[in-house]
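We call the chains A, B, C and D, going by the order they appear; numbering starts again at 1 in every chain.
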C-alpha cells in the first residue's frame, strides 16, 4: 500500500464546492442535523468535520434522546447530597470524598453491541474503556466489576457469547492487575442476541490530585500518549474513504472497515503506571481518555471545557496504518490512548516519564487564543469549528413517551397467584431441585474463578459476598464497598418502582458489609428510544431512581445510557443496572456474608 | 541491619506491591528493582513477582526472561543468591533456564483463580525452612498458564533429588504434571511456584497467612 | 487421510498485539535485520479424503478464525 | 527484503489442550471427517536479505519457540 493521492477535503475545498454531495445519512445524521451543521459552519462541512459531528452527535456520544430525562437527576440532587461530591454528572466519572483526604471515583458503562459481534474483544475493550475514564480523573483504578446479562443457557448465541465475554473481562482486567470484586450474571430470554456487558471501575485518589478534563492556557501543549492510531473501530466512517483507495486486499477500497477494536491490556497497564507517575510529578494540566469517537471526542471535549481554542496537527499523530485520511484518524477508536494538556516547560519532563514506561508520547497541538478548534492535515486546514457545537451542543430530542396500556396491564395482570404451588413433599422437593439447578440461582464460580480477586492485596471481600470490599488506605484501614444490582423483571412490571428496587438492593448489599452508602452510578440499558413505550420505561426508571436517591440522600454521580438493545423489534427487558458505593472507616470491621459465628448463635430476620 | 529483599518490576508486573508487602511483613526491607537495570543493589535475596510481564505475549515470561536485570539474577543465582519466582516469576525463571521445564496453558484453558491447599514436600530450600515437610498451606492460585510440564527424565530427576518443593494437595486443577506446584534448582536457592504465597500473608486480604513462611524462611537463611 | 494446514492471521487493519510485542523484543535482545513480525495461529488437521475444500473453508471461518478480525488460508499438504 | 514464516507447534508429547478443545468443538457443530486438530503459532517475519538461515533458526529457537515444549520450522517464502 503506498501513500495514496487522496485529495484532502480541506476547508478551502469545502468552501469552493458547496454543492458536493455528502454521505451524511449513511453516517447516521438526519437531514435537519446535517442542515444544522451547515448553518453552524456557514458552509458544507469537510469530510473530517462531517466525521466528527456524526460520531459526536450519535446517540451514544450526545445522549440526544436521554438528555431531557437525565436532567432530572440534577434537579433532584440537594445541596446536602452534593456536599461530598467533588465531581458529578458530566465529568468522565463522578468523584466523592470518603474522608482522611481520600476521594473515590466510580462509574459503570456498557459495551453491549461490540460484545455480541466479537465477545472476547468487545468485553475486554469495555473494561479498558471504563478504566481509562477513571484514570482521566487522576485516580488509580483499584477494582473492577462486571454486571452481565445473557440469553438462556441453551439459546443459539449464548454458547459463543458467554465464554468469550467472561474470558474477555478476565483477560483484560487480570492483565491490568485490577481485582474483580463485584458483578452479576443474569439469564433471560430477552437478552438472547443482545447480551449486556456493563463494566464497572472504582478508582481512588487524594482529593488534591483530582484532574478534570480541560484545555486552558494559551501555548500549552496537547500530548497524545499510549498506543498508536490505526484503522480499528472506524466502522461507519469508512463510507468517507475514497473509492480510489487501494486496500491491502486489492482494489476494493476500504468500504468495510471493522467496527470492532482489539484491546492491548499490557499497553493499558503501562499507561496506568505512566499516568500515575505523571500526576504525581505535577506534569498534567488537563487530561482526557480516548474512548468512543477517539480524537474527535477528546479534542472537542478538551477544547470546549477550556478557555481558549485549540490547534491539532494530524500529521504528528503516530499511525499504525498507512494512508489514513483525516476523517479516519479523527474517528479511529484504537484503544489505550490518552490526551493530556501540558505547559511548555513541562513537555520534556512529561516525555521523559513516558519514555521510562516505553509509552509513545507525541505533541500533536496546542491551546490557542480564540475559540476555534482547528485541525490541520498535510498542511491544510481540514477542521475549523466551534468545539462546543461538536461536544455539547448536539441535537436534543424530546421523543414521544407513551405507556402501552394494553401490554403493560396484561403483564401486571399475569400475576404469580395463578402459578401452580407444590402441594406434596415430593413436589416441593422437585421444585427445590429445579431452583437449585436454575442458571439464575446456580453458583457463579465458573465465571468468577476466571477473575483475579487478589491482585494488589487490598481485597477484603469479593465474589460470594454481598458487596466487594476493598481497602483504600493500608495505614488507616479506610476502604470502600461496591455492589451492582437490577432485577429487570421487576422493572418491566413497573419501571419506576423497579428502578428503586434495584437501588435499594445495591444499597442494602453495601450497607450489610458495614459500609455507609455514599454515591450511585447507573447503566441504563433499554430498547429503542424511537419506541414510545421504551421511552416511557426509560423516563419512569430515571424518575424512580432519582426520587429514590433523594430519599436515601445518595447522589447519582455518573452513569451511562445504552439504547437500541433489541433483537429485531423486540426490546430487552428494561435494565437499569444500579451501582452503589459506600465507605467503611476500617475494613477490619467489615461484616462478612454467611454464617461465620459459633454454634448456637441466633439467626434474626430483619425487615418486613 | 535488616535483610534486604529485592522485588523486580517488569512492564506488566502486577503483584510487586503484594510481594513487597509480604517481604515487609516478614520483617525485611523490600528493595524495588527495575527490569531495565543491570543492578541488583546488593540485595540478599530476590523475588520475581507475578503478573503479565510484557503482556505475556508470545509465551508467558519469555520476553521478560531477556531483560537486563535477568542477566544479573541468573549470574547471582549461580553464586547462591536466593531467588523466588511466583507465578509469572516462575514462568520467567523457567524461560531463563534457572529452573527446568515449562508452564503451559491450564488443562481447562481458562484463567483460574481459586484458593487451594498445597503440601510442602521439601522444607530444606532457602525459601521453605520455616515449614516442615508435609505442612499444608492454603494459598490462592491464579493463572492462565500454570500447568507444569517437563520430559520424563527431568521429572524423574526432580523427584529423585527431592526438588519438587510444593504439590497440589488435591488433583491439580490446572492439570500440572504429577500435581507439581513448585520446584527448586539443584542447590536449593532458586524456587519457583505457581500459587501466590504473597496473597496469603494476612487473614484480612487472603485466605490465610500460610504464605508468610516463604518470606521468613529466607531471612533465617540470609542471616544464618 | 490428508493433512491440512490452516493459518489464521489478524487482519492487516487490526492491531496485532502479539506481533508488535515480538518486534519490540527483537530490538531489545539486539537482533537486527528483522523489521516486522506478525503473529497468528497455525492449525494442523487430519482430514478424511472425502472432505472438500468448501467444508474446510466453512470450518476455518466458523471455528478456527473469527472473520470479524482475522483472515485465514487453507492449505492441503 | 524477504518474507519468512516460522511455524511453532507443541511437541507431540505435550498435551495440546487448545487443539483438543477444537477437536471437541468439531463434533459439537456437526463436522465429521476431521479426526484431529493441533494448534500452534504462525509467525511472519520481514527479513533483510543478508540474514542467513542459521541466524533465523537461532532466532526461532531462542525467542519464537521454547525448545522444551515446542518444535518449529522456518520457511522462506
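Please note the rule applied: contacts are C-beta pairs under 8 Å (C-beta built on N, C-alpha and C of every residue); 3 or more make two chains touch, one makes a residue touch a chain.
The shown structure was predicted, so the numbers you read here are calculated from the model rather than taken from an experiment.
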*asked:* If I rank A-C and B-C by number of C-beta contact pairs, which comes first?
replied: A-C
*Distance from the CA centroid of subunit B to that of subunit C, rounded to the nearest Å?*
34
*Where the CA atoms of subunit C average out and where those of subunit D average out, how many Å apart are those spots?*
9
_Centroid of subunit B to centroid of subunit D, CA atoms only: how many Å?_
29
*On subunit C, where are the residues touching two or more other chains?*
17, 21-22, 25, 29, 39
*asked:* Can you pull out the residues of subunit B that are in contact with at least two other chains?
replied: 54-55, 57-58, 62, 66
_If I count partner chains per residue in subunit A, which residues reach a count of at least 2?_
264, 266-267, 358
*Pairs of chains found to touch, sorted by chain label*: A-B, A-C, B-C, B-D, C-D
_Which stretch or stretches of subunit C touch subunit B in the complex?_
17-18, 21-22, 25, 28-29, 39
*Given the complex with subunit C, which residues does subunit A contribute to the contact?*
117-118, 121, 227, 230-232, 248, 254, 257-258, 260-264, 266-267, 320-321, 334-335, 358
*asked:* Considering only the defined contacts, which subunit D positions touch subunit C in the complex?
replied: 1, 7-9, 19, 22, 25-26, 29, 31, 33-48, 50-51, 55, 59, 63-64
_Residue ranges of subunit B in contact with subunit C within the complex_ = 54-55, 57-58, 62-63, 66-67
*Quick one: in the complex, what on subunit B touches subunit A?*
11-12, 14-15, 17-18, 21, 51-52, 54-57, 110-114, 140, 142, 144, 196, 198-199, 204-206
